[in-house]
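The following blocks contain the structures, represented as structure tokens.
What follows is a pair of complexes built around chain A, which joins chain B in one and chain C in the other.
Up next, the complex of A and B:
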């Protein structure tokens, strides 16, 4: 074999290895979670680990969705009421945060790119710099602020905190999207008689759609996965999301691995659906044909 | 219908001034070209007229109304951009009808107007396509159509043909000119291509470093360039420039260029032993061979290279100690190198003041 083909085989083996490691790294925990959620409680504590349960059981899912179910031989109340409330809370806070964040970023990033005002770049740097502030450092003052505004344990309060946390990233992303767009398109629209706002909404935003979608995906996933903020600001089921509810299945004497994992698996379905849906619009080449 | 008056126009970027007080009047229906090297301010001037750049000082008026502070959207000017700037997510018809839609023109009326212009530009089969499905030339036409549909007071063209291939460029040049004649709309056309400017314009404005060097009809610029810059800028290949010494002796004053001496008519009042700059266009030389027959007014020319272009033959070589280009209509078959003589008729020998390049006249 020539050194060249050896080299190419070596490259392929290396690539395959890297992909395998990456897949195990990212899908491994999910697989483990699926398996655990399908394993009976007694098998879960057996000393020999298994990659697939000996008997597949749906009892954990039954406890999640049913009205009543058996747990350790006793009939218990199902967790569905709490679980469904938390699922709705997660959906609402994430959706509101995403809409607000992307909406604000879409307009303000444009101002940072196309409008001239004193301190424009400094202001932008300051906003983006807040990304570097750890959430822990502002938690206590923020809590006092939210109490005085009576916003603790409200959708509005939690969503607003999410917006303040995720807006800088979305703003940064949208700014670079707008910067990459040819100014002549907007100038053509102005000369055609369009106002700046009309131009932004009807010409710029449709062409910036992939950027807006990407910002929406990032924000939604970020909001969906939040733990610390809702742990502090969503004390009751009025706004408590799944990320805070699920760890509560850990009791004083008993860790309900099966239920935790079943709930976890259900909890990743909405973000997966959102990403799959939005990804369809994340097409490139929208700008093709504009110039030259 | 609009005439344009530009007066004392200046543009600064910070402390750097890029346009230094321009004055220009453009008549109603006129086709005027702004031409100059890159960075001369021609595009900036056009964008100031369009309202896309702020005016630092001076005024721009349309029909005697100052429009300095009028928003671009209210200036009633249409612009064709160098990169076309078509809305990529709108169809050809929507692109062309965009400005009418903004003015709340009825749908049926927009359709008729777009249809008429599309017919004019041979775009009818493409009305439902997106710009990405069009060729470069078709996109250029859509950009033109978008400007025409709204019947603006003024057309502004920013190097609209520079992205097309040579053949299409010539074709579009003719079409744009014919359309403009038909519509009679005042047009300002920015280009760096002097052929475009020469063939299309009623008048040409030559800009250099933010100043107007000369304004005139194409042939005026060619025949009577106001200064050395215009003389070397207009014409291809460029005018040959020589330094000539004024000799005063028996039999009057003469101008010496290398081996040749030309009689200097008395109207030129140039000091003795002074030098003047002489310009002769490549196509105004007459070539004769060989040097044996050299007369007073013949310039020794050492031919180094012959370049046939089909219609013309370009000769490159040295005369009076510098590189000289000669363009002739005949197909010459000299061997290179060769020793030849060049002569030119007095009315084709341009004189410029050496100090500042201002035109003095022809011999």
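Up next, the complex of A and C:
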């Protein structure tokens, strides 16, 4: 064999090895969590780790979703009341935050790109500059503000904080989407007598749909994963999301790892679906947001 | 460009433009800018719901932060997290981006697998890793023992240095995908002809990486570096889930949270969060300037 083809085989093996390592690194922990959630409590405390469950059991999921369940022969209270409330809270706050953020960004980013009004550029720079300010920095005065407005532990309060945290990124993204669109289409519509708003809603937005989807995905994932904000602003089950509830399953002396992994797997279903179904939009959105 | 549109139309445009950005002004002004300004102002007062009055105290909060041993420890930990996380994320992210850029088949699916950890709630990530790190039945201990590296189970979080490293790994697991995606976007913008020309001129892989790739991904690198710095500076979730309020792993953000929401020392927490923000902005600025200066072509 010539040295050249040897080298190319070597390169292929190296690439294959790198891909394998990367896949194990990225997916291994998630796979391990799935296995754990399907393993019976007695098998979990065996001395040797098993890479697949020897007897698949759904008892951890039954404790999340059932009314009561059996654990080692004893009937125990399931966590369904708390779990379902937190699941619904997560869905509502993330959905409201996503709709508001993308709705506001879709209109105002267009104004920042195509309309002239006093203070336009200064305002945009100010808003985007807050990307560098994590919501945590302003959390303490925000807490006092939300208390005085009686918005602590309400869907509106939590969603509004999410909007203020994720709007700059969505604006940045949508501005780069609108900037990349040809002006000629809009000019043609204006010449035909269409109003600016009509042109935006009926002609520009459908064309900007991939960008809008990307902004929605990124906002949703960010809101779904938030922990510190709801830890402060969602003290009770009225608005407490899964991310705050799940760590509460970690007891002081005893951690029910089967239950906590099962709950974690349920909590990652929406993000996993997004990655599987909408990966194209997500990646293009992340790239556009990062490079423009 | 729009000169054919009459002045009347222009006037309407100003009104509509302002109307469309009003929600942005209200939300960002009310929930970010105003709280930021009041953070700055209030950090010079004593604000504590447990004590009467809010007297002006000048720099007393800042002086107290300087003396507090827990605060100092949290700064040291945070600096450690930032350095380690930024180095690991940048090195790993660059490797992943180069690998993905080289692939012709299946890039989309590998990219989906790579991005996945970034998409998951940090809390769930931390919980999953908490189980992996479990001293008695965890995967890490199991693998270490199976490979004969250790005998008996190790309680990893008993070693402060190790604890910091383990928290960082969880953070890197989540944040490296973002660096990889940013750098991949930068790599894809490099025209293929440049590499062919370099090859014709006899440049090896390393040389063309140094002379073509690195300068052309510099701006992406600056963005990736400042992203990872800001996120590492604000590390909270992973450290809180893995080790709670333990001093060994406590970050500045955890310290802020504890000062404000557990000890009710609001203004002390505000002063500290302000310092943390300034520090992370400053470091990001240094990268941006340095990367631009070193790779600029004149």
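Criterion: the second predicted complex is superposed on the first by the 249 of 292 C-alpha atoms of A that agree within 3 Å, B and C clash if a C-alpha of one lies under 4 Å from a C-alpha of the other, contacts with A are read in each partner's own complex, and residues count from 1 in each chain.
Following the convention adopted for this analysis, a contact is a pair of C-beta atoms (placed from the backbone, for glycine too) under 8 Å apart; a residue touches a chain by one contact, two chains touch by 3 or more.
The shown structure was predicted, so the numbers you read here are calculated from the model rather than taken from an experiment.
J.: Give one of first, second, both or neither to describe whether A:206 is in contact with chain B, with chain C, with both, or with none.
T.: It touches chain B, and chain C stays clear.
J.: Which partner, chain B or chain C, is in contact with more residues of chain A?
T.: Counting contacted residues of chain A, the larger count belongs to C.
J.: One more residue to check, A:170. First (chain B), second (chain C), both or neither?
T.: Neither partner.
J.: In the superposed arrangement, does A:287 touch chain B (first), chain C (second), both or neither?
T.: It touches chain B and chain C both.
J.: Examine A:182 and indicate which partner it touches, taking first as chain B and second as chain C; both and neither are also allowed.
T.: first
J.: Of the partners chain B and chain C, which touch A:192 in the superposed model: first, second, both, neither?
T.: First partner only.
J.: When the two structures are overlaid on chain A, which partner does A:79 contact: first (chain B), second (chain C), both, or neither?
T.: Neither partner.
J.: Which chain A residues contact chain B in one complex and chain C in the other?
T.: Shared contact residues on chain A (touching chain B in one complex, chain C in the other): 190, 286-287, 290-291.
J.: Note which residues of chain B are touching chain A in the complex, please.
T.: Chain B residues touching chain A: 50-52, 71-75, 77-79, 81-89, 98-99, 102-103, 130-134, 136, 139, 146, 150, 163.
J.: Mind pulling up the chain A residues that touch chain C in the complex?
T.: 15, 18-19, 22-23, 25-27, 29-30, 32-33, 36, 44-49, 104, 107-108, 110-112, 115-118, 120, 123, 126-127, 130, 132-145, 160-161, 163-164, 167-168, 171, 183, 190, 196-197, 221, 224-228, 231-232, 242-244, 246-247, 250, 255, 257, 260-261, 264, 267-268, 271-272, 274-276, 279-280, 282-283, 286-287, 290-291
J.: Considering only the defined contacts, which chain A positions touch chain B in the complex?
T.: That would be residues 182, 184-185, 187-195, 198, 203, 206-207, 285-292 of chain A.
J.: Could you please specify the touching residues of chain C with respect to chain A in the complex?
T.: Residues in contact with chain A: 1, 5, 10, 12-14, 16-18, 20-21, 23-25, 27-28, 30-36, 38-39, 42, 95-96, 99, 102-103, 108, 110-117, 119-125, 127-132, 134, 136-139, 142-143, 146, 173, 177-178, 181-182, 184-186, 189, 219-220, 223-224, 226-227, 230, 234, 236-237, 240-241, 253, 256-257, 260-261, 266, 269-270, 273-274, 276-277, 280-281, 284.
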